[in-house]
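Structures follow.
Heads up, the next two complexes both have chain A, just with different partners, chain B and then chain C.
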Partner chain A sequence: MGLLQEAIFGVVTGSYIAIAAIGFTLIYGIVNMINFAYGEYLTLGAFVGFLAASAIPVPLPVAVVLAMIGGGVISIVLARGFFTPINHTGPVPMLLTSIGLGIAIRNAIRLFGGRSARYIETETTTFRFDGVPDVAIGSLDLLGGFFVTSEHLVVVGSAVAVFLAIHALLTRTDVGIAMRAMGDDESLARVRGIDTQLIRDSVWVLAGVLAGLAGVLMAIQTNVSSTTGFSHILQILSAAILGGAGSPYGAIIGAYVIGLALAISTAFLPSSMTGLSSAVAFAILIAVLLVKPSGIAGTEVREA
Partner chain B sequence: MSALDRLPSGRGDRALIAGVACLLVGGLFALTPLQASLPSALYVFVEVGITFVIYGMLVLGLDLQYGHTGLVNFGHVVFFAVGAYATAMLAAQDSFAGIALGYPWPLALLVGVIAAALLGLVVSATSIRLRDDFLAIVTLATAEIFHSIFVNFEGIFGGNVGILGVPRPIAGLVGDADTRMIATILVIGGVTLITLAAVTRLTDAPYGRVLRAIRADELVTRSVGKSTIVYKTQAFVYGAALAGLAGGLFALYNGAVAPGFFTIQVTVTIWIGMLLGGAANHRAVLAGLAIIMGLRLVSRFGLSVTPVSGDVFAAFRLVVVGLILIAVIRFRPAGIWGDPQELGVDQ
Partner chain C sequence: MVGLAGCVSFGGGEGSDDDGSGDGSGGDDGSEDGSGGDDGSGDGSGGDDGSDDGSDAPETISLGQPASLSGQWDFLQPGVSQATDAAVAHINEAGGPLDAELEVIRRDTAVDPQEARTVTTQLIENDGVPAIVGLFSSEINPLWDFLQDFEVPMVTPWPGSTFLDTRGGDKGTPEDLSDDEWIWRTVVGDTVHTSGSAVYALENDLDTLGVLNGTTEGERSYVEGFLSVYEDNGGTVAERVEVEIGGSSYQSALSRLFDAEFDAFLVSLPLESAITALSDWADAGYGRQPILSDPLAQQDLVDQVGSDIHGAWAGSPGQSGPSYDTFEEVYSGQGDAEINAWTPPAWDAMQVIALAIQRAGEATPEAIERNLGPVSRDGGTAVNNFAEGKEALENGEEISYQGAATPTNFTQHGNVFGSVTISTAGENGFEATSEVPAEDIREYVAEGEY
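Coming up: the complex of A and B.
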């Protein structure tokens, strides 16, 4: 398989990581917490989508919308129940609470859903491009024949739509501008008359909607199980920190860097060591924190 | 009178005496033909007890880092794992997979402690300046990286099978299973008690006061002329070395190491134990850990009387563990025996 094919996989992975990373980084920037339970929001969103598509059953686009709504509702309910009451305690207790919440939700899903993976039935068209000539460098093939499935196009298309919508929201609407103001300086935003709790709630809903979408896209692309979200949380986190914690635009770039790094490292690693590709993402994360902790577009995270 | 006052407080001396006594009695069982018998109903208690005393060393090291110095290390298991793997690879003979060098076990144990301390030094040299929550992420990521390295480099670390054939010094001396378990828990428990005495000495000394000052306000501590980075690095390395010791002892007790023993679950268990008991209080963190590990016993007994499968029960236990963590942080942020004033949290 050529490097081009791996790069396509990388862009697809980067796309759903990007959608989730935007939500993650918005929570970080505005609520000022690292939400380790965020992966579970993805899982819950994916399950809502799966149940809608298989149990009710509704057409897939409707299931995706239901997953997004479900994600938003779950996110605000959990935030109201667990995070808003301890908002004043600072980042570490919030992080620890989210870790506890993540364990509880993950295992509750396992309790009711078991460990098995479930698949959403989709009709996939595969577009093959076999005529592309190989450009070989040593054992490595730069171009070569490749294929794109309709699922890939849906994932990348949704991601682009999300980027445009988020950009419009943050620059054109009052709520979005208030979010940016709060991310900059919360007390100043409050002085200016912004209802900070309302904005925080809207961020939770928005992040939940994005998590639902990312989760259901992952489910369509691969499968749904109790660890769907958890197995991606460190990649999402790496993408958000790489982009500069708190910056949605940085998170998009970070997500594609992580996605491509994962996919391309798979091409270079021997087949028995493909499991190491996740370590590559964390190695990038640590390197970023050491060399440029502010990320591509963020603020300083070192104290001394 | 709070429950804290009823805990013995002899500036760590009592722990030292108890630890040495445990070691001596354990040694007696191991070296002489003296035999002990254990009712089979107590097997499971001793088994969980051995895990408890090993994790006890982890929680004491973590408490030195977080409870006293305020370093949020969420990858503590990596030092435990590195200590265990280094010891196992050096001491093992004829492992099924991976490297087995067959050196004497005391040397291997020493190397295990040094390896964990060195890793601690590297991690702290690179990340100790990061803000609390980002330090948590870096340590967590370090643990995940090492986990996938252990799984993927089959030729060196034995992959998912791990390293087998690690010598078990106590099992080598004692043939009889009951005596062996008693001797094991006494010897490792003795080491844990001596550790408790050592960290108590350390934190009761002026040195410990500097650590707590860093936790309370790093800027003020620096302004009175203390090099906070040096203190933080030292506390981090001490904690890592203790975890390495725990890992080495675990390898020598268990006779094998595998990635499955060193998951994020270990980190979570000791963190919850520490927060539940009350950070910055050595005896309290051990008590908190005992409560959390007691849940394992409950679930083992519960499993035998309820008709559900083991998987369901394990999931249910983890839901409870997660909710306990949330509840402790929300309703009792200083833990059961912790001092809210000193920890700077409001109830």
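Coming up: the complex of A and C.
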């Protein structure tokens, strides 16, 4: 396989991470908290999608939409119940609350949902492009034949749709512009008449919707279990920080850097080190932060 | 060394009419403290010099069972619990060891080493059990020295780890406790069934191999066991790729693996990661013969990966010990938990402990430890269950317990040998298609190293 094929794998992985990382970084940028329970939002979204697809059952696209709606509802309910009441306490108490909430949700899911993994039934079609010529540089083949599956296309397509929608929201709508204003200076935004609590609630809903989408996409690719989201929270967090905490555009870049690093390091590390591909991704994160502490997109890192 | 207070309730008379309500919770008056005071000179015939003179029969004998009631392996516990309970019922129906009521105190460890440390301590020091029936590899290995310090026999149906290949058992000297390592396992170790799988692969002309395995000890241990026999007998590994478990995609790893030329590829991953990886493999259309580690022979794998996985095979410990039918009959009357590879060994563990107590004439850790080997090894009257064994022992005969999972003929390191069943995936899930006899595997396991 050539580098092109590895790049495709990396883009697919990056797309999962990017969708979730946008939600994560919006919470960080506007609510000013690191939400470690965010992985559980993905898990809950995945369970909603699974239940919709198997218990009701509805067609998969409808299940995805229900998972997004469910994610939004769950997010605002949890925010209202656990985070809004302690907004004034600052980021550290909120961070600790989110850690505790994540543990509680994860175990509650396990208690009521069981540990066994569930699977969303899908049909996958593979598209092959074997006629692409090799372009070799030494032992490295830059092009060569490759394949993509319908799942790959759905994931990447969903990510692109999310990017466009987020861009439109942040640049073309009052709510989005208000979000950016709050992200820059919440006090000034309030002075200018922005209902900051409404914007916070909007962010929680939006982050939940994105978590629901990312969760159900991960579930389609893998399975639904109590650890579906938790097992990816470090990658999501890393993408957000790498791109520039608080910046949705930076989170997208960070996610794809991590996705490509994971794929390419697996392909090219020595055999005995292939299990360390995640470590390579985190090494890149550390290296970038040493050179540019504000992350790739350069958004100022807010005080925690 | 710890005392035995609490586990054995003594009383006058028969004691066999106990209603089973003995809780083993330490409610004794301490009068039997001397039962733990064995001076090490016991001769295995129950001749302890403690305050119990042997004329007092215990009313209740409690054994401790650390269990995976929660945690990532909890789905395996129902079968093991049911087998244990079925064995207890069967043993008590036959009059119980020393005519006492046998009971099991079960506590959850979640297969967490720290929790296992606490639970084991509670069972031995608070509940005063004279033997433990349980503990996983991932609990035993890190707690090895800690567990040895108790000097209480632990007969477990769980661990496959190669760590235990040369650790445990009585070293072939039942009467001499000084060299004992107190851990016995009634399940076939990884070394045996990975050897069987490797032998089967070579017999089927799968001479070159690709390997995809996780980075945890269990997955690596399985692969190492397989490859040691495979490569020593002419097999070649073309490529080996290690991956982290729980990934959302294994396409990059598969792409790398299938760049190499080989006849078959060995997959050793937890079930959920294996389903993701093999679904990716099916989507990519890489083909070639999959060989699976034994925990992967599950219906879920076939259901989720689809027809591409048909023809994949896994070698797992056989469930064909001489007394399997007896076990199955009693087991099925106890509940409806699914039988897994660790279920018959759980039955065997209870049987050998009960028989050891019966042969010893007392229920102390030392007495049980001295008698586990003698009631199971070759020689003596072959018995298929506790009832037969008790009768033979009461007639003054030596016995050799023939187990449900294997013949339960303990090696010097407290291990058992057994056949390996090859199960192949097809339309109806995994079905046994071949068997590698234990005798064929023995030649690949060096004498004294298992």
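Quick note on the criterion: the second predicted complex is superposed on the first by the 278 of 304 C-alpha atoms of A that agree within 3 Å, B and C clash if a C-alpha of one lies under 4 Å from a C-alpha of the other, contacts with A are read in each partner's own complex, and residues count from 1 in each chain.
The rule is short, and it goes like this: a contact is a pair of C-beta atoms (placed from the backbone, for glycine too) under 8 Å apart; a residue touches a chain by one contact, two chains touch by 3 or more.
These numbers come from a predicted model, not from an experiment.
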Tell me which partner A:100 touches in the superposition: chain B (first), chain C (second), both or neither. first
Touching A:5, do we find chain B (first), chain C (second), both, or neither? second
Output check: A:171 vs chain B and chain C. Expected answer is one of first, second, both, neither. What do you get? neither
Once the structures are superposed on A, label A:197 by its partner contacts, choosing first (chain B), second (chain C), both or neither. neither
Check the residue A:117 against both partner chains and state whether it touches chain B (first), chain C (second), both, or neither. second
Now for A:231: first (chain B), second (chain C), both, or neither, which partner does it touch? second
Dominant toucher of chain A (residue count), chain B or chain C: B
Identify the partner contact of A:282: answer first if only chain B is touched, second if only chain C is, both if each is, neither if none is. first
Give one of first, second, both or neither to describe whether A:13 is in contact with chain B, with chain C, with both, or with none. second
Is there a shared patch on chain A that both chain B and chain C touch, and which residues make it up? 115, 272, 275, 278
Which bits of chain A are touching chain B when the two form their complex? 33-34, 82, 85-86, 89, 91-93, 95-97, 99-108, 110-111, 114-115, 234, 237-238, 241, 272-273, 275-276, 278-279, 282-283, 285-286, 289-290, 293, 301-304
Chain C-facing residues of chain A, complex: 1, 5-6, 9-10, 12-13, 16, 115-117, 119, 124, 126, 128, 147, 149, 151, 218, 221-223, 225, 227, 231-232, 262-264, 266-267, 271-272, 274-275, 277-278
Which of the residues in chain B end up touching chain A in this complex? 72, 74, 126-127, 129-134, 136-138, 140-142, 144-145, 148-149, 151-154, 218, 222, 228-229, 268, 271-272, 275, 311-312, 314-316, 318-319, 321-326, 329-330, 333, 345
Seen from chain C, its contact residues with chain A in the complex are 72, 74-75, 214-215, 239-244, 246-249, 251-253, 255-256, 258-259, 271-272, 275-276, 279, 283-285, 300, 303-304
